[in-house]
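Here it is, the structure, as structure tokens.
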Amino acid sequence: MATLPLAHQPENHPRVKAVFDDMRATRKSDFINSFWRTLAFDPDLLERTWQEVKQVMAVPSLLDPLTKEMVYIAVSVANACSFCVHSHTAAARAKGMTDGQYAELLSVIAVAGKTNQLATALQVPVDAVFDAGAGPADPARR
Amino acid sequence: MATLPLAHQPENHPRVKAVFDDMRATRKSDFINSFWRTLAFDPDLLERTWQEVKQVMAVPSLLDPLTKEMVYIAVSVANACSFCVHSHTAAARAKGMTDGQYAELLSVIAVAGKTNQLATALQVPVDAVFDAGAGPADPARR
Amino acid sequence: MATLPLAHQPENHPRVKAVFDDMRATRKSDFINSFWRTLAFDPDLLERTWQEVKQVMAVPSLLDPLTKEMVYIAVSVANACSFCVHSHTAAARAKGMTDGQYAELLSVIAVAGKTNQLATALQVPVDAVFDAGAGPADPARR
Amino acid sequence: MATLPLAHQPENHPRVKAVFDDMRATRKSDFINSFWRTLAFDPDLLERTWQEVKQVMAVPSLLDPLTKEMVYIAVSVANACSFCVHSHTAAARAKGMTDGQYAELLSVIAVAGKTNQLATALQVPVDAVFDAGAGPADPARR
Amino acid sequence: MATLPLAHQPENHPRVKAVFDDMRATRKSDFINSFWRTLAFDPDLLERTWQEVKQVMAVPSLLDPLTKEMVYIAVSVANACSFCVHSHTAAARAKGMTDGQYAELLSVIAVAGKTNQLATALQVPVDAVFDAGAGPADPARR
Amino acid sequence: MATLPLAHQPENHPRVKAVFDDMRATRKSDFINSFWRTLAFDPDLLERTWQEVKQVMAVPSLLDPLTKEMVYIAVSVANACSFCVHSHTAAARAKGMTDGQYAELLSVIAVAGKTNQLATALQVPVDAVFDAGAGPADPARR
């Protein structure tokens, strides 16, 4: 159960319909999950959130789509977001993640979670060698 | 400052020396960071931790080394582990991560952190379609 | 399901009854939620927890009641506490939070969650200007 | 120390300069903190992040500016983001937060953090009364 | 529902059967919980995870078994892992944890969660007296 | 650096002095750490926080003092509270924690952190056998 009622016909609202239509076209799927349908209570928040998710996750870029989904899963696990773990694991599967790749992803998340706790427990000081130092005069490096 | 004194000559202990030697050979670098040198107070914990990190991160596998480092960074950021963020960002750089790839990694971590909070705030119920369902009789799928 | 059985008639115990009576009077509602009924297994813990929640949340103070509920929701979201998110969102609604205010609260939580990840990923050093500095000789400033 | 070198003259880049100029005008202050100066390595990420922070935090809206800063602090504390805690506590002070209000904010954050742990430890089931239920046909409620 | 289907007869796989048999012998119980049965999709990950859990939790050592379970619960609560909170609270009960001890465990977890938030909110600098200092030349101290 | 200036002579305030005197008597040490000296800006918050810490941690009870410190460390590590990790590791040392016990504590925290991530990633459903069920009519069980 959510903190907001799920609207029965959210697409009666034109801005919600526009976002959902774009989502269907972008993802080539008719399914709109509960996150988006719940967020539809506020068209502003819905539009801004979808624009960012689309820009980062759906536009072809330097990182391949599956790598991005695996990073998304990793953050969602560490933040203990049940819905996000489910939806992005399903997305990674849809993008071809095999059982073997999933087992490796879980192994990396597990060892990272473990050494995070150890380094925090030991309060290990950051080695000077990791310092990125003072940068060049040229501001934007990309 | 750490919760344990950093040993001056940890390699006087043969098991610590063996781990450090293996680390240098595996990573092709003489540098042993403070995490490992602090953990050296307990050779058992040092050996077990290194074996796991080596197995997961240094052995060639289905996921490429840079993808694994990016997942490691993502978990470390969400768990707020300062040392781990630094050491694995340096490792990702050493494995070729460009400024452009780093900016994308940051963008994915950022949007994941944001939607994690939204989905948790809304307590969105997991859609039935995400259910992996009952599996086949064959136990291990890999 | 909880880690403790929910007592059927917790108010048979006089100290539990006293806390629940005070809760009903303070909140002007007969409803006692599952958190308090589960905590009732230990009257000491129940009393101490209620006293603090009452003191901080129910006594008129410098911050208005709705602001305090919104801060409570924000912490509960970041800590991924499902029960607390639900109960305090309901409390904020009972104190008049509109859909528009809720959408703004979600927007602030979302952007904070996002920039938290970015600043931790970048390990941005704290600017010297943020240093509160050495204080005056007078100890308690309130 | 950060994971990226701090550019010496980031405003040599026109898009960075445009963002920084807008930031100075919006905040009526010449100071640009290290978060923004570090993020300047990628003008895209800088622009998108600033647009969202500006939209949510700097545009007059239903919630007053100080309430929004207090919610921001609350999330940043729970996510253990040192930089964000510092910068937004300073922002809240600049918007008039008194010692008394700060002490109350800390009290709410503290009791929320405490009961979050208790409710998670007890795995208290969410009461049916908190269910927002099925909503009206009208999609966007704002 | 999980992100992976639960195999019906996981022990058809000999390595899975070997782990489950060792688990039953070690714990003197026929019950294998859903965590292990889900993890069985990847025999490598199952074996490595069980070996570590067995080594740390089931082998007699300096800390008594109940203390170790209480520490496990504490970490699982702070990480908001619902399954782990349940399974390790059950394990602590099986090892003799009384209601009184459980109430004290909850009290410590609660006050720690509370002061964690306060110290992070105040960004209290670590006192020099907590510095473990430079250690002796002898590397491994155990 | 903290978000509040550290008062030079906090004990000029009688309520602060009373708390600090009680702290010195309870802990048999003259040292008052920065957490308490920073918190002294608000005598109410200082008094309430100390009363709870004293009640839970300093009064002899069912759990021995070292076990309570180890649970405190575990929560503080998972919450990434640097100050708390330092102060409670020092407290555990003062209560006799050996290097061997510390290595075991770290091992339990590490394996818990690891399996927390795995169980959350797999979204393992809680087994029915962990349900504490419906309780007896008697409310308070302690």
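In order of appearance the chains are A, B, C, D, E and F, and numbering begins at 1 in each one.
To be clear about the criterion, a residue touches a chain if its C-beta (ideal position, glycine included) is under 8 Å from a C-beta of that chain, and two chains touch if they have at least 3 such contacts.
Quantities reported herein were computed from a predicted structural model and do not represent experimental measurements.
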Reaching subunit D from subunit B through chains that touch each other, fewest steps: 1
Chains touching both subunit C and subunit F, listed by label: A, B, D, E
Repeat of the B-D interface, chosen from C-E, C-F or C-D (over half of contact pairs identical by residue number): C-E
Winner on C-beta contact pairs when B-C is weighed against A-B: A-B
Chain of greatest Cα-centre distance to subunit C: B
Identity of the chain that, by mean CA position, is farthest from subunit D: E
Distance from the mean Cα position of subunit C to that of subunit A, given in whole angstrom: 28
Distance from subunit F to subunit A - Cα centre to Cα centre, in angstrom: 33
Contacts with two or more other chains, residues of subunit C listed in rising order: 1-4, 41-42, 44, 49, 52, 75, 77-82, 85-86, 89-90, 99-100, 103, 106-107, 109-118, 120-123, 126, 130, 141-142
Topology of the chain contact graph, where touching chains are joined (line, ring, star, complete, other): complete
Residues of subunit F that touch subunit B when the two form their complex: 80, 85-86, 89-90, 99-100, 102-103, 106-107, 110, 117, 123
Subunit E partner contacts - residues on subunit D that touch it in the complex: 73, 77-78, 80, 82, 85-86, 89, 106, 109-118, 120-123
Parts of subunit C lying in touch with subunit E, wherever the complex brings them together: 1, 3-4, 41-42, 44-45, 49, 75, 79-81, 126
Residues on subunit F engaged by subunit C in the complex (per definition of touch): 1-13, 15-16, 40-44, 48, 52, 55, 126, 130-142
Subunit D-touching residues of subunit C, taken from the complex the two chains share: 1-4, 31, 33-35, 38-39, 49, 52-53, 56-57, 61-63, 67-68, 70-72, 74-84, 86-90, 98-101, 103-105, 107-109, 111-127, 129-130, 141-142
